[in-house]
Amino acid sequence: MDLLEYQGKQLFRAHGVPVPDGRPAATVEEAVEAADELGYPVVVKAQVLIGGRGKAGGIKVAGDRSEVEAHAGAILGMDIRGLTVHELYVERASEIAEEYYAAILLDRTAKKPMAMLSRMGGMDVEEIAATDPNAIVRIHVDPLLGFSDFHGRRLAFEAGIAGDVVRPVSVVLAKLYEAFAEEDAVLVEVNPLLVTADREVVALDAKVTVDGNALYRHPDTATFRDVSAEDPQERMAKERGLTFVKLDGDIGILGNGAGLVMSTLDVVAQAGGHPANFLDAGGGSKAEAIVDAVEVILSNRNVRAVLFNIFGGITRCDEVARGLVTAFGQLDVKVPFVVRLDGTNDEEGRRILAEANLPNVTVEKTMDGAAARVVELARSAEAVS
Amino acid sequence: MDLLEYQGKQLFRAHGVPVPDGRPAATVEEAVEAADELGYPVVVKAQVLIGGRGKAGGIKVAGDRSEVEAHAGAILGMDIRGLTVHELYVERASEIAEEYYAAILLDRTAKKPMAMLSRMGGMDVEEIAATDPNAIVRIHVDPLLGFSDFHGRRLAFEAGIAGDVVRPVSVVLAKLYEAFAEEDAVLVEVNPLLVTADREVVALDAKVTVDGNALYRHPDTATFRDVSAEDPQERMAKERGLTFVKLDGDIGILGNGAGLVMSTLDVVAQAGGHPANFLDAGGGSKAEAIVDAVEVILSNRNVRAVLFNIFGGITRCDEVARGLVTAFGQLDVKVPFVVRLDGTNDEEGRRILAEANLPNVTVEKTMDGAAARVVELARSAEAVS
Amino acid sequence: MSVLVDSGTKLVVSGLTGREGSFHGMNNRRYGTDLVAGVTPGKGGQDVEGVPVFDTVHEAVAETGANTSMIFVPPRFAADAILEAADAGIELVVCITEGIPVHDMLRVYTHLRRGPTRLIGPNCPGILSPGKANVGIIPAHFFSEGNVGLVSRSGTLTYQIGNELAQRGFGNSSIVGIGGDPVQGSSFIEIIDLFQADPQTELIVMCGEIGGEDEERAAEHVAEHVDKPVVAYIAGFTAPPGKTMGHAGAIISGSKGTAQAKAEALEAKGVRVGRTPTEVAEIAAEIAGATV
Amino acid sequence: MSVLVDSGTKLVVSGLTGREGSFHGMNNRRYGTDLVAGVTPGKGGQDVEGVPVFDTVHEAVAETGANTSMIFVPPRFAADAILEAADAGIELVVCITEGIPVHDMLRVYTHLRRGPTRLIGPNCPGILSPGKANVGIIPAHFFSEGNVGLVSRSGTLTYQIGNELAQRGFGNSSIVGIGGDPVQGSSFIEIIDLFQADPQTELIVMCGEIGGEDEERAAEHVAEHVDKPVVAYIAGFTAPPGKTMGHAGAIISGSKGTAQAKAEALEAKGVRVGRTPTEVAEIAAEIAGATV
């Protein structure tokens, strides 16, 4: 789960990572009030989960109240690369002397946390890597031993940052690691990590991704979820416990197991089709879950045909068939369905579908055959519409 | 550094180990006030760093105010196995259903923390071990991994405690381990760990030893040192940074390095003498340290003769000799000294002593010879007195 | 022969008294797996259809000689259950539980790597050695004994591919689901090494997916250390860019973790990659025809 | 030959710019030890009498090929310095620092045991291989090359015993001070094994003291694995019962950790124990007369 800048900074504060004073604001009035409290100049920042806010006009310095009003008004409701701005963060402006880059993340390959530091902050880390790969120092940390002082020193000395801030930057790195470990984060990124004109080290931005599986340990963080920024269809799926990602095609996809669903998307694409979503009904999908899944898939008006690709293991094909029959009874289904049932109780499942004799439902035996069929049906629907 | 019961319980509370409500008290009036606040019945407990308080009459139940007055008055100032009671702890009385024994300690041999649990609490752990060695369950804990839930379950199930308290006792063990690790303790012992009539699990006693080398991380614990209970000579040594243990003989001993001092005690004992102290002036002893050491040794009126056994490594024998000369200049030394100087700058040291021509100072070349000589001098002094 | 589980497996199930644990535990027993014990704290002394239940894994091992553990406890208790099994001297832990916090797994993984216990999973379907033993939730009736070693990060996709292979007459030495979590106990390389050493295995099929770079590392490893033929499948060519890992993750290795990058890495090292499950089976049949 | 340090030792000193660090570091260099670097964060680029100083141990290793580290930093920074040396690939870390918190050492010890770095100390005088190298604070001028391997928990007592031996004509292969802290990096057994394997060493002297049960375990080990003669000394027969460890510590092993118990354990395994440093040298002379 990705956190907004101000949420990440809230975690930073709790672990002693220095950040400029700031307040979140959802309206122009709140923004002005925050700025008045903080003192001018301030920076008004769009809170959206996407990079490039600055270039898109989502970050503006305001020297007085009227500028805050103008900027807050302009940024609230702004569309930044497809996301609408619903919240602002108003922050004391800082005088910049140096900009570094710092991050702690989970390195899946080494299966260890990795700490990174670069003296070339303020630009994308990919850009730093492209400009000068040696400018990014990377150190693995033993997760049982934790972050020791020498890790911070090594990063600071090897990154070649200014000598007078080696110690405070090392301390910030240790606190970032603490936040990473204690908040169950998989990514903690600060870009830029600022040295101010007064040689204070502060985190000017905060990009934090926490592990959704560990939210039960962090009730405060769990409340951070910014539902307003989510796609309504994805929110609907999440509320029903389904793993769902919206795509831009016209073929609704349901499968059981993430790998099989990904494979189904691939096979449909190879057959010339365009998937409208990724939906994993999960292992052991029960009839109710299938009804929920059908409702979520059909809530996307672009969908012209739907493919069910089930390989029964724990999931029983008869349960899926029953769920589909129930869904057709409860919902007004107007698009054709292709259903491929294989594995546990597949014959029983196909028998249930045959007996129900649902309109517009084709049963196929193989995955490739089912993919070809659904692509064909989607094309016909397109031709008709 | 050993903590008094109420100090240990303060640490327990900070880590969520349940303890009965209680207040420390230094006077009868404070004890009564504490009891009134807590509600009757209460237990009035002598706070001394020694076992067997109960048998010695240092723990008494009081049902009302007059009993608190009587018990507090009797216990304050009481001598328990050589220690005078200066402080009390007044605690809510608990109804006892079961008494267990729990401890976390450093196992030097395995170089790991070890957790222990027994269902036979309320008696000395040696007594449990003698009665039924299998009644004490012992589990090592990996210090990098820490105490996991299964450690607590194993201890509880294998110790055969009552089934209904397996979970709360496991939780208490985890919290005791937390206290052990986070407070830099080398021993955390609870005897008895009580199950009350209401089936609540509480620590009725607390024996905590913390690592003196780690006190800088625990400023609150550092203030716990109960100077009133210490021997004044030992306190004097501690204030001067000397490692000193008082013994009951008549030969003052000074050496450099704990091993050499222990060996010196042994050699003196084999020569028929009785050491009055263990004093390690430390590696690299400087002249000032020697002056301090002489003052501490002579503050013991039993001392009839003093042995200096120095094998110079970092310690320079000339520095020791200079220190001794200075000490003789500043102090009124009435007992004979035997000085053995060997190692770094030994010739220079012996030359300094020869030139100073101190009264009553004999220089010996070997450790055995020096021991024999000082025993002889102590015997002569005894004969004279 | 086969790898990891066979007729010598003596299985203890943590969570045997739970709904899923008893369902799959008994399923495994019906398949012929030697299920010797269950563990549920506080239920020691009970039994599940005759299988004794103990309070601790240590007691289960002492009483029954269990050497393999299957974990079926909820995610917040799973790391502790794995550590308990390792502490009790279990050689192989198969963790089915999904949704374990990744920091828990970092600690568990790091600790287990320094000892003798091997972990498969978490969030995996387990291990099936057809005709010998089944430890996990793989539907065994699709698979028969044979010469293909199958290792996969995915669950149902494994069944899909296994089934495609079965339709072409292939059986399996073992099917190992290593799980799709960011921190798995065992990765492709270790299982491929087991198959390389297993006399029954003549062909290895690995089934990967987007994310991480385990497939890329496996490609390097296969080129240097494996002489048995390897066929691969990668799921996720049309998956949208991952949302969970942000940019900083991708740059660490230079790899993007995409299906395309993985397939190219494998092919560069001479490992043929099927673009659909069906194609994997076709390539396998072709290789088997050539080598047998 | 000798053990641990010799002419192949390339020494880096953490804390070389400090008073004690520079005094003893330079002392070691004058003895002939190949002192290649110092480490003091923030003083990289400086030098101490021509020895280059680096900001990190990693840099020192990369630039100078250092393989041995001596730690001379204050106690609250020592655990970090040991970990840094191990992380930088140093093979042997000799920690002189006294007063390191025992929980710091528990973590360091546990971590180092799982890797290739050997730790001697903390709170130890270091290692002297007469005629070859001196790493630490042992006053080298008392000792000459010879056939006695000396291992000790104590500092000055080591010099005392070494000196008694020297007076009877013995020299040393190496003198190893393992330190007297509750958690030492290496214990008697490991150093005795090194002496057993060292061709130059013909007689082993171990110098123990009260507390713990390392001497008892060494006795067992010597009886089973060591065929070179071993002579022991134990300090603390008249020491008052230890105050720091309470009762719970003593019962864990059944051992009281007393000098008497240790001496008896050693003698029961055929290791002769001198009751004074002088007696140790006498026994050694007797054995040498018998064996040489």
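Labels for the chains are A, B, C and D, by order of writing; each one numbers its residues from 1.
Assume a residue touches a chain if its C-beta (ideal position, glycine included) is under 8 Å from a C-beta of that chain, and two chains touch if they have at least 3 such contacts.
Keep in mind that this is a model prediction, so the values were computed, not measured.
Any chain that touches chain A and also touches chain B is listed here: C, D. Each step here moves to a touching chain, and the least such steps from chain B to chain D number 1. Most remote from chain D, judged by the distance between CA-atom centroids, is A. Simply put, of A-C and B-C, more C-beta pairs touch at A-C. With each centre defined as the average position of its C-alpha atoms, the distance from chain A to chain C rounds to 28 Å. Computed from the mean C-alpha positions, the centre of chain A lies at a distance of 54 Å from the centre of chain D.
Chain centres here are Cα averages; for chain C and chain D they lie 47 Å apart.
Of all residues in chain D, those that touch two or more other chains are 107, 111.
The residues of chain B that reach two or more other chains are 142, 144-145, listed in rising order. Chain contacts here follow an irregular pattern that is not a line, a ring, a star or a complete set. Contacts between chains, counted with the stated touch criterion, involve the pairs A-B, A-C, A-D, B-C, B-D. Interface residues of chain B, counted against chain A in their complex, comprise 144-145. For chain D in complex with chain A, the touching residues are 41-42, 44, 55-59, 77, 80-81, 83-84, 87, 107, 111. Those residues of chain C that touch chain A in the complex are listed here as 75-76, 98-104, 106-107, 109-111, 125, 137-139, 142, 152-160, 163, 180, 182-183, 207, 209-214, 217, 233, 235-240, 243-253, 259, 275-278. Contacts from chain B toward chain D in the complex involve residues 2, 51, 103, 105-109, 111-114, 116, 124-126, 129, 136, 138, 142-144, 181, 184, 186-187, 189, 207, 209, 211, 213-214, 216-217, 245, 247, 255-260, 262-263, 265-270, 275, 278, 283-284, 311-315, 342-344, 366-368.
Chain contact summary for the complex, chain A toward chain D: residues 142, 144-145, 148-150, 153-154, 157-158, 163, 166.
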